[in-house]
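Next come two complexes, and both contain chain A; in the first it sits with chain B, in the second with chain C.
The block that comes next holds the complex of A and B.
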């Protein structure tokens, strides 16, 4: 039975949620795809693309690209550069445990930055800053089976 | 008593001439691959955008450039003002009439499609070089 790929998503979210500095900068949490209503300073993670590298008899490497960004509403006191820098400090060459996998690497592939202006009220702005991060992980069962041969 | 030996290699001039032509031939074939994948990526991206977002599809452009005698390149770009927001998502937004559009999750269309085609392009270019008798090592990623 192949490893559960969702464990990679969960591990990334748990790693970010566990950081007290990041939580101080973005107190409204770390969310997948869509933030909860009312959140004004938070981290948003979404899956861009995932591809598998096979080997004889199993899956060797899962290569997952995530969009990870700090999102801050301009009506609150938020330090967007510091939040994005903290995200990068955590994720560039980051190490975190993944159930059923061994993390191989976590690096930024591309920087992302944008400002969203509300159509009806241009004074309302949302700042987005972060990057696309590539996470590569190998399923532990596959690695063990390979080592036993 | 001294002895002398000599070798005569037939076809060396032809080989030299082939090597001289190699960059130009590879460039021409490489250009076909690069432009083919760029246009393929643009077509895939246009097809993957939601049907209601026709402006996004219509704004996908391919521009080509020849960076040198030995190179070829293409840029795929979306010129729509809201392309970034579609790709990376938005938070709560309102129309000019005040209607709440709500949150738009990141669309993730442009980047993944482009990556797929870029990966295919690398593979085809690698194969082209191998076919020409060159050794290719490493991985350009994707």
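The block that comes next holds the complex of A and C.
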């Protein structure tokens, strides 16, 4: 049975959630895909693309690109640059355990920054800052046990 | 039967007795080229060749795995090891096998996983699978499965 790829997502989220400094900057949590209602200062993680590299008999490497960004509503007192910097400090060459995998690398591939203006009320703005981070992990015990003959 | 290459294998034993799989590889290629000797004579309508000696060599590649040093250890071998090349491990009797010397390379870049590659060349007689079609068509004999001395 191949390793559970969702474990990579879960490990990334757990790693970010465990950081007290990040939680102080973005107290409304670390969310996958969509934040919970009412969140105004939070981390949003989404999967951009995931590619597999094969070897004889199975999967050798999972190469996953995540969008990880700080999202802050302009109506609250949030330090967007500091939050993005903390994300990068955690993730550039980050090390975190992944169940069933060994983390090979975690590095930023691209920086991301933007401002989202609400369609109905232009005074409402959301600031986004972070990056696309490339996580490479190799499943443990991917090789067949010895020869088949 | 046509099979996927996903379950291919490269097996090797430095002692040339019981080869075991080299893990983290994802490609191998075997070349069986026979020298052709030009025996064209006056009056021939075109060039004419006769076969000479067959060369057995090839390449393989995959990912660097710190638990798998066989390739690199093999480069130091002063005696040939036994190499087996299996297109699909669900048909393990269909394989090319024989004594071989190996060379290895590793290629590391800042992006991506370090890759390994190697070459091999025969150091003795090899065996190869004799397929149903080739056996039947060429010799009219009963199709047989498995490995036979290379012809």
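Keep this in mind: the second predicted complex is superposed on the first by the 142 of 149 C-alpha atoms of A that agree within 3 Å, B and C clash if a C-alpha of one lies under 4 Å from a C-alpha of the other, contacts with A are read in each partner's own complex, and residues count from 1 in each chain.
The rule is simple: contacts are C-beta pairs under 8 Å (C-beta built on N, C-alpha and C of every residue); 3 or more make two chains touch, one makes a residue touch a chain.
Owing to the predicted nature of the structure, the values given are computational and were not obtained by experimental measurement.
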| item | value |
| --- | --- |
| Partner chain in contact with A:132 - chain B first, chain C second, else both or neither | first |
| Touched partner set for A:116, first chain B, second chain C, both or neither | first |
| Partner touching more residues of chain A, whether chain B or chain C | B |
| Partner chain in contact with A:104 - chain B first, chain C second, else both or neither | second |
| A:71 touches, of chain B and chain C: first, second, both or neither? | first |
| First (chain B), second (chain C), both or neither touched by A:54 | second |
| Touching partner for A:31 - first (chain B), second (chain C), both, neither | neither |
| List of chain A residues in touch with chain B within their complex | 33-35, 44, 46-49, 65, 67, 69, 71, 73, 112, 114, 116, 118-121, 126, 128, 132 |
| List of chain C residues in touch with chain A within their complex | 5-11, 19-21, 23-26, 62-63, 86, 89, 92-93, 112-113 |
| Touching residues on chain A, where the partner in the complex is chain C | 53-57, 60-61, 104, 136, 138, 143-144, 146-149 |
| Sites on chain B touched by chain A in the complex | 84-85, 88-91, 93-98, 101, 103, 105-106, 108, 111-112, 115-116 |
